[in-house]
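Should a chain be cited, it is by its letter among A, B, C and D, assigned in written order, with residues numbered from 1 in that chain.
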């Protein structure tokens, strides 16, 4: 198996077509990929000055681009995640002034004084994350996923902090082992970028930071020829899912549900208004993030209600 | 047990302080309440003209106000829901032009042609909802809840279609049997309104209509003296929850999480920025509705992570 | 001329159908109306404690309802404003914590520390407003308007702080002497409410408070029979205007422009898509407020481009 | 004077650091720049199929990047616009399905049927734009400006359809002859991009398209060393202005006003909360666009109220 990582310091901070591939893989190939944590593994103590570590726009370093042989504009890339291992015995979370769901930001600009910075170290072992030794609460299960996974747009180079139609920084916990992620291909080779491993994360990632970890994952990529999708899709054993990323948040939800309805029509033969009405009875939603450059909403349709096509 | 319903035709279409109570109950009292469906039980066939049935503002009829003896401004009303029975053998759902999550509305005004109207009848029996006889899919479990529950504001009379700080039309599936709903008291007697029974509903209620049913529920109300809350709270066996209702949707999420963080601090002793950072690791979110006059988001904190107070 | 004012202390804090008229006028009648300032004229020094003065929901007191004889549901009320006189020699502005366009609010909830409260007194005389004696800047012209004007909804009682389809707290400087304001009639007698006089205001009313004054205005009301409008309209010598009030702000803009386009089609014979394309070349917009319960946007079409109907 | 244009077909469709400069200019240099219209000058008749002409992402072609010698990260680039000449005797406007302020879009996704496409040709001569020969309305004055002007971000390549902190597709009519545009410098040479000439445009550019023209403009650029700005600023004879671009629209307004308040404090010595309160009395706002990838709002402070610094 290929073992893919970027050279030290040569991380990608944008998802775009301009960076040389760090590896080439075939459709159907299984490989190992290593990722840094969102802070470039630079936090090893609660005493670091987070303001010094975050030197915009050099945050959320990604591994990639990985060139997938044969992928062309108009195809879909299917990424199957087999496993995500944490390569360190702790995760990191933080409060970052002017970043987060419950504070003034560079977008939701206010004159209020900022919140303080704060760093926490969360020991990880035996499949458990210790949030705090001080707080008398049980360990959090280790449920890893990639906060960021995306394919290169044709012309744009999009900040690794932003999600979008290309995937990117969705912070959706459904991008996890066992699931398949479908991403649009816009350039030859697709240009796959991966990073921002999370050992645990609440819906919405409300303070802006999950339990951030460096990872080693095992993935398989498959090129689905001539299969155009508008926005990322995910499939688990229980759900088919679509991801919408936009602001305001209702637009993210609209995109996700629109794509879900269209998917139900095109692939499962449920007429779109019927699918719309059915989703209104059985769909589930994950609010993936309310903190990034765009918000991400995952619309989920339970497979149990997919028509049994005879 | 008192059996509370409004006189036929005397439904409440606003939640406010201006309507005479239809019943008085004591704190601690358990009673039965009957509700009409959101269309006043006027749909009995797929052939009805929904545009004629919906005569704004006379939609979503509520039962109430129920006067709770002893409740005063500054108290909290706790409503425990024991059961919700469907009093008909079918539910109704519909597509209503200019209403819904994936269409132009009177707020998100566009020049696009509207979607068509459509009515569906969903047979309900043996704890199951049949979405469609045509579509080869399994039955949906009967999981009833009240789409609308709220207490009167001091001066405002708020449309029964709108959620808000008073509760109202949140369309949150957590307002269900087994759970406790906490609502702010602003007037003497609280002025409790209930309605909009749903036999099943997807997160977001994306087309704007759930499986609408008339109901008979059994409730207990308790007045918690001198206990001010800003926005509705819910408690289940597994979660403490707060509801935010606002537009854009991120403001609904902000309100919900703000109230959750403040609750964790005031009642469970987790310092608020610590609670904020903890929610970012373990909170869950339900997108309750993306279709009403305001959107509703439920922020949920798993009780398992509440500190064990010794 | 009738001289209309509410009895001292009997102000209206909601716009709805539940309060007894304080006066009755005929269609075509010209009358004098007195209004309090938004703080009930209770601020007479920079040293007052604004937090004590603002006792929600008892803010922004309105004069009314004024019953307009003969007005019925389905009519339009035209209010012509002849003059607005300031009945005091100063205006008041303030910073109110958790209220304003550049701070955390009860809707855009954050954990940031609040801004401080602050009160300013602005002397008014000879048609000029002195913003500050300290700051070496010229006087601001006295350009008075009503921040709040609206007609009663059929069932709802809407906070005097909120704008909406009924008019209300739009904070649109176009509600000024010389202009005609068109409001929907939903109840017998229309139920006209007026208040929130401003001696000067910037677009957006960004800190949440204008130069607040008590006023005496001279108005004429006219009932236009069988003339349904969805949202307030305004006409000046130069523009026809529509007002949209909603959140997010783009929805306010959508409503305003939709109504403008429809008006251009129905009354001036410009096919609606042509009108849409024409507005894209010549329309003007006033951002009226970005601080109230809903934001208000005024879309303006220059009369010079109205087709000359022969 | 240098005469700058891109080679035919070598237009820029993103604003970023990856494209080779098409020209180099010195700080203080005055030069001529040519731009294509937003449709690459490919529309010469109302009968063209706009869907074929718009081949995303190859729309809104820009001239640039222009390398400004000596500009470095941390500087500000001041662009003075002397004149903008239309190089054709007509402008073009259009309705583009799924694009515009009053229709479903790829962001505000709905299931409604789309609006039709439509193209209009608007003759331009003698300083006048003829909107339509059919409609009996006067000519519109020729008031040209650049819809798009921006400097390269450090790592991102941003669609020429999007505005942002880098400037870009703001569609602000204040980017016009006589005014100075201030843009942040993030890379050596600044990387200036210009395009999207408009002969006329209404506030909000509501249908998504102005009177689109190819242009020849005369500009001067000046590098202001060590002068960091967060977002574009504009100065005219009457106003100092700041531009905010974001979604939802209130965030665009927040950014614009925040930057205006900070500018008033840092450069004119008005303490920021005083500036905030003053803006609430005298500021003006232009809603520049409600149709692009982000909305743009211009906050304007009248120079007449700038303190006279002795």
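We adopt the following convention: a contact is a pair of C-beta atoms (placed from the backbone, for glycine too) under 8 Å apart; a residue touches a chain by one contact, two chains touch by 3 or more.
What you are looking at is a predicted structure, and each value in this text was computed from that prediction instead of being measured.
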**Request:** Specify, for the interface formed by the sequence copies chain A and chain C, whether it is same or different in terms of residue numbers shared by both sides, with half as the dividing line.
**Result:** same
**Complete:** When B-D and A-D are ranked by contacting C-beta pairs, first place goes to A-D
**Asked** Could you state the distance in Å from the CA-based centre of chain A to that of chain D?
**Response** 33
**Prompt:** Roughly how far is chain B from chain D, going centre to centre by Cα mean, in whole Å?
**Reply:** 45
**In chain B, residues with contacts to at least two other chains** = 102, 108-111, 115, 247-248, 254, 257-258, 261, 273, 276
**Request:** Make each chain a node and each touching pair an edge, then name the shape: line, ring, star, complete, other.
**Result:** complete
**Prompt:** What does chain C use to touch chain B in their complex?
**Reply:** 13-14, 16, 18, 57, 106-111, 153-159, 230, 244, 246-248, 251, 254-255, 257-258, 261, 272-273, 276
**Asked** Where on chain B is chain A touching in the complex?
**Response** 93-95, 100-102, 115-116, 118, 120, 129, 131-132, 135-138, 140, 200-211, 247-250, 253-254, 257-258, 261, 270, 273-274, 276-287, 290, 295, 297, 299, 304-308, 310
**Prompt:** Can you name the residues of chain B that touch chain D in the complex?
**Reply:** 102-104, 108-115, 248
